[in-house]
Structures are given as structure tokens and as C-alpha cells.
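Several structures are given next for inspection.
In the two assemblies presented below, subunit A is common to both, partnered first by subunit B and then by subunit C.
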Partner chain A sequence: MKIYINGDAVELADCSVPTSIQAALVKALPENQRQQSFALALNGDFVGKGDYANTVLKSDDSIDILLPIVGG
Partner chain B sequence: MSLTIYGQQLSSRLLIGSALYPSPEVMKQAILASGSQVVTLSLKRQNPLEQSGEKIWRYIQDIVKINQGFLLPNTAGCKNAKEAITLAKMSRELFQTDWIKLEVIGDDYNLQPDPIELLIATEQLLADGFKVLPYCTDDLVICQRLYALGCQVIMPWASPIGTGKGLMNPYNLASIRSRLPDATLILDAGIGKPSDACIAMEMGFDGVLLNSAVALADNPVLMAKAFASAISAGESAYIAGTMPERQTAHPSTPTLDTPFWHQPEHS
Partner chain C sequence: MLSPQEQLRFSRQTMLKSIGEDGQQALKNAKVIIVGLGGLGNPASLYLNAAGIGTLYLVDGDTIDVSNLPRQVLFNDAQVSQGKADIAAEILNQQNSETNIEVLDEMLDEELADYYFPLVDVVLDCTDNITTRYLINQKCLEHKKPLVIGAATGFDGQYMFVEPNIADSACYQCLFPINKNAPENNCQTLGILGPVLAIVGGLQALQAMKFLTGNKVATNQLSIFDGFNNSWQQLSIKKQQHCPACGND
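This part shows the complex of A and B:
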């Protein structure tokens, strides 16, 4: 199954179907990156950390991972 | 005197941004020198491999720990209500605050806020429990609508973001102050010099939010102190009450008993 993370296509070939956000993150990101401070949106809608495990992905879903940045 | 934002008392009337500084260390020193207890920051797509977000996040956490301050995440870059609402929710989870500096940009050229989308987003975020600090233009009616929706704090611009042009339309800003006497008004964006901030405070604004004017100064730490002094001076002047402007000259030195050669001739 192909999804997009921050606009880049990611193939989740070995993931079971259905696949959760949690499983996709484990597959797509090294552990040290998953432990960073970030927030996530799925197809433009916020998903809280508590819902990663029970939110099911479908093909071509788009995940945005946002990190803190300076701002005015 | 303290500034109150949604019930939270703050010792400084300056809110300051964390962007554009020459280095993270200069950012830290400038923010601490400013005395500000509110630091703005944001969220952005980044390559997690770079881990730059984590570094800057630790820096800002360190600053607010030292100055016993508060984070004010913004929704910079959002162009409609849906984007802004999503980003606000992400910020609330990550930064553990329900304060949100709500920005919805309507025009790329001057980064002018979109008043329609701003009102839509404000209404939904307030209903969702956020404490919204909306960034808007100096349009009186938009400010009135935002206040009517329940915003305790309203942040009209002085001029477009990053221009340093100062107060473009003092008449509009004075009208907003006059018509919304109970709202907390913070002048946001376009401030260039400490005198701009001082003028805003002399007009009765409750605070000033700025970033570029400090970050882009030759000496950001010294400029941060200059802004703190200017805001304090402007606040004192407002409380003291400025004299009325007059159209004609009035001598300040008493004319009674002036020397005889200046007395009118008597026949």
C-alpha cells in the first residue's frame, strides 16, 4: 500500500492490511525520529497521538508530520 | 502594571517572536533581555532526519522556563479556516496550550489577513475551547465581530508583517481602542522602531507583539531592551494622560511681571 508522508510517497509493502497510523510510522520512520516532538494530520485533519493505533489508513492517504519551528 | 491574557497575568506588555535571529543563542538572550513572558512559535513540515525542530524546541522551552513564560503558537502560512483549525489542534497537542495566535492569510503579496476565513476559524476554535488571539487588519468592524464572538484579545496589525513601517493608520487604531474599551488590544506586526511601540501604548493599547524589529536589529539584545523601555514609557504616558493638542501657541513662561520693555505701551 502506498501512502504519502510530508508529500513523499512511501510504500508500505510489508504492512498488514488494514494498517494503522501507528504501524505506518513504525514502518516508515526510524525510532529516534518517532521519539521527536511532532504532531500529525491525516488528509488535512488533526489526529491525536491517542488515536494513532486505532486510525486505519487506506491507499493514497496523506500524512503530514509537523515539528516545532521558530515563528513570529 | 500587568497585562492579562485570558485571565493569565503577565509582568510584561511585550510579546515577542522567536524567528529570524542570527542564532538560537542570540534569540535566547534577546528574548530574556526583552522581559517578555510570551514567546511565539510555530509548526512546520520538516524532514525529521534533520532534527532541527527538536533543537529549537528545546531552546524555546529553556527560555520560557527561565522567564516563567508562556508559549503562543501561531498558524502562520494557513490560507483558510480549515487549515488554521487543523494547525491549531496540532499545536495544542504538541505545545500543551490552548492559546493560539490565529493567522489566516488572504493575500500573498502583503500577507494581509483574510477576515472572512478568520471569523470562521475563530468561531470554531472558541467553540472547541481554544483561547484565540486573532491577528487581523485595523478594520474596526472586523475587530468588533471578533470581540462579539468571544475573543478577549484582539491583535490588529500596525502594518504588513515584516515591513517595519510602523503604524500605517493611527486613526483606525485609535477608533478600535475607543470603540472596544474592554477588549485587550495588542498591536501585532509591522512595528519597526521602539517609538512605534511607544505610540501604540500612548494610544492605550494593552501590549505589542513583534519579532523582526528585534531579530533584524544590528544588536538584537540591545534592541529588545529598547523596546521594553519604550513600551514602559508609552504605558506610563497613557496612564499619566497627555495634554490636549492645540492649534495655536501658548506661552509656557508666565507673562505676568515681564520686564517693562515688553509691556504694552500706555497712552
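This part shows the complex of A and C:
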């Protein structure tokens, strides 16, 4: 199953097993990136951190990871 | 009741149906705290002061650096090394001497927030680091104070309004949960153009004025500005029931 993270295609190997946002992040992002503060949108809709584990992805889903801007 | 001089001075604001004399009186009665008198706090304080906000609390323990001058437009060469909050108060007093301005020339901490946030009607987050942003968010939740958040680096900006008195209003930590690696990049490390700060700081001032005059200000929305491509994007967000800052459990 192919999904997109910030526009980049990511192949998730086994499409017979439901893949959550949490699982996709573990597969696609290095640990130091996962440990950053960020907001996430799935196909343009915000998904809170508490829902990463129970939100199942489907083929061609698009995840956008948005980092906080902190300057001022 | 506005004086004849105030009616004349603020006539272009009071002629707006959504402001009127009642709205102008509300601005005059209002107390606003601006945390950070850098690139965002400069334009935000200028516009709020000019608009007739009654009391402004200016919080910043930093001093003016020569590298601030291209974007922190209240300040000039002769003021380098002087306190930002002090100098901002001087300039703002020249702009509108009717405003009651209180200078807090130190960095915001818990104690300062606990003392001053209960005194104000709205809080502006114009800071440049995420630790203080989380602290302001937490203290606004604790003291039930509306929070107008602005941020900018490079060509990019973010804006969000948190209203703790609305039950389903998402907070900053619902959007950006605290994690192990806090972002450290700010204007010092990523660069910035002044007009980007003017746009975001101006937006913060506008939303504060709308709120103070009883107009609706949207919650649960992150506004994202791309100054390079001239575009705005809105991300609808939701309060998180498990949010450690504002959640119900």
C-alpha cells in the first residue's frame, strides 16, 4: 500500500494488515523526527495525537506533518 | 462615555457597525498583556496602542540588538542595548499618551503569569521559543484568559486563537503536543523578513480588537501564512480529550 507523507510516496509493505497512522509514522520517520512536537493532517483533516493508533490508513492517503513555528 | 476628543480621534473605528462607540469604550476599558516585544510584539503593540486600548502590559526582559532593527520597527540605532519593553513603552507613549502602559522588563515565568494574567482581558503570545509558548498556553487555561498566538520565521507564519471559556476550544498543546525534542529554530537561526511579522502581528492585534469589542473570533483553527507564495491555509483542529493541558481526563 502506498501513502504519501508530506508529498513523498511511502510504501507500506503488508497491505493485508490494517496500518494505523502510528504504525506508518514508526515505519516512515526516524525516531528523532517522531520525538518532535508536530501536528498531523490526514487528507487535509487534523488528527490529534491520541488518535494516531486507532486511525487506519488506506491506499493513497496523504499525511501532512506540520511543525510549530516558534519565532517571533 | 467617550470624550469629544476621543469621538474625533477614533471616528474611523466607531463608524464601523461592528465596533461603534460601545466597542471603542470596550477597547478603552480593556487590559491586554503582550508577551514578547520583538518582531510580533512591535506591530501588535503599535496597533493596539493606536486603537485606544486602555491598558497595555509589555513583557520582555531582552535588550535591543542591532540585528533586530530591520524587523523590530519601533527601535532605532540609538536604542541598541536598551531594554525592549522600556523603549517600546516610550515610543508608544509618544504615539498615544492616553494609554496606561506598564513595563515588565523581565522574561515571563510562572510567577509573573500568575500575577498578571488574572488582571487582563486577553493575552498575546508574541514570544520566540516554544517553552514560553507552552507556559503561556497553560497559564491562560488556568486563569481562563483568551490567548492570541502568533509565530513567524522565514516567509512563514502561524496564528491561532484559544478561548478557554469555550468548552470545546482546542489549546496550543492539543495542536502541538509536547514531545521529547522541542523545536529550537527561531528568527535567530532561520532568518526572517520584517513584513511577515507585520502581517502576523497585525493579525494578532486585529483578532484581539475583535474579541474585546464582542465580535466573534474563530477558535479551533490554525491559520498558516506562506509569504513566499502569498497564500493562507486554514487547518481545522479539535480539542483533545486526553490533552495534558486542557483535556477532560
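Here are some notes:
Everything that follows uses one rule, which is that the second predicted complex is superposed on the first by the 66 of 72 C-alpha atoms of A that agree within 3 Å, B and C clash if a C-alpha of one lies under 4 Å from a C-alpha of the other, contacts with A are read in each partner's own complex, and residues count from 1 in each chain.
The rule is short, and it goes like this: contacts are C-beta pairs under 8 Å (C-beta built on N, C-alpha and C of every residue); 3 or more make two chains touch, one makes a residue touch a chain.
Note that the structure is a prediction, hence the values are computed from the model and not measured.
Of the two partners, subunit B and subunit C, it is B that touches more residues of subunit A. Of the two partner chains, both subunit B and subunit C are touched by A:Gly48. In the superposition on chain A, contact of A:Val70 is made with both subunit B and subunit C.
In the superposition on chain A, A:Leu12 makes contact with neither subunit B nor subunit C. Once the two complexes are overlaid on the shared chain, A:Leu40 sits against subunit B while remaining clear of subunit C.
Common to the subunit B and subunit C interfaces on subunit A are residues 36-39, 41, 45-46, 48-49, 66-72. Taken together, the subunit C residues at the contact with subunit A in this complex read 36, 38-41, 125-130, 133, 150-153, 156-158, 174-183, 185-188, 190, 192, 197, 222, 224, 235-238, 240-243. Contact residues on subunit B toward subunit A in their complex (touch as defined above): 17-21, 27, 40-49, 51-54, 56-57, 60, 73-74, 76, 82-83, 86-87, 89-91, 93-95, 161-162, 189, 210-212. The residues of subunit A lying in touch with subunit C in their complex are 32, 35-39, 41, 45-46, 48-50, 66-72. Residues 6-7, 29, 33, 36-41, 44-46, 48-49, 64-72 of subunit A touch subunit B in their complex.
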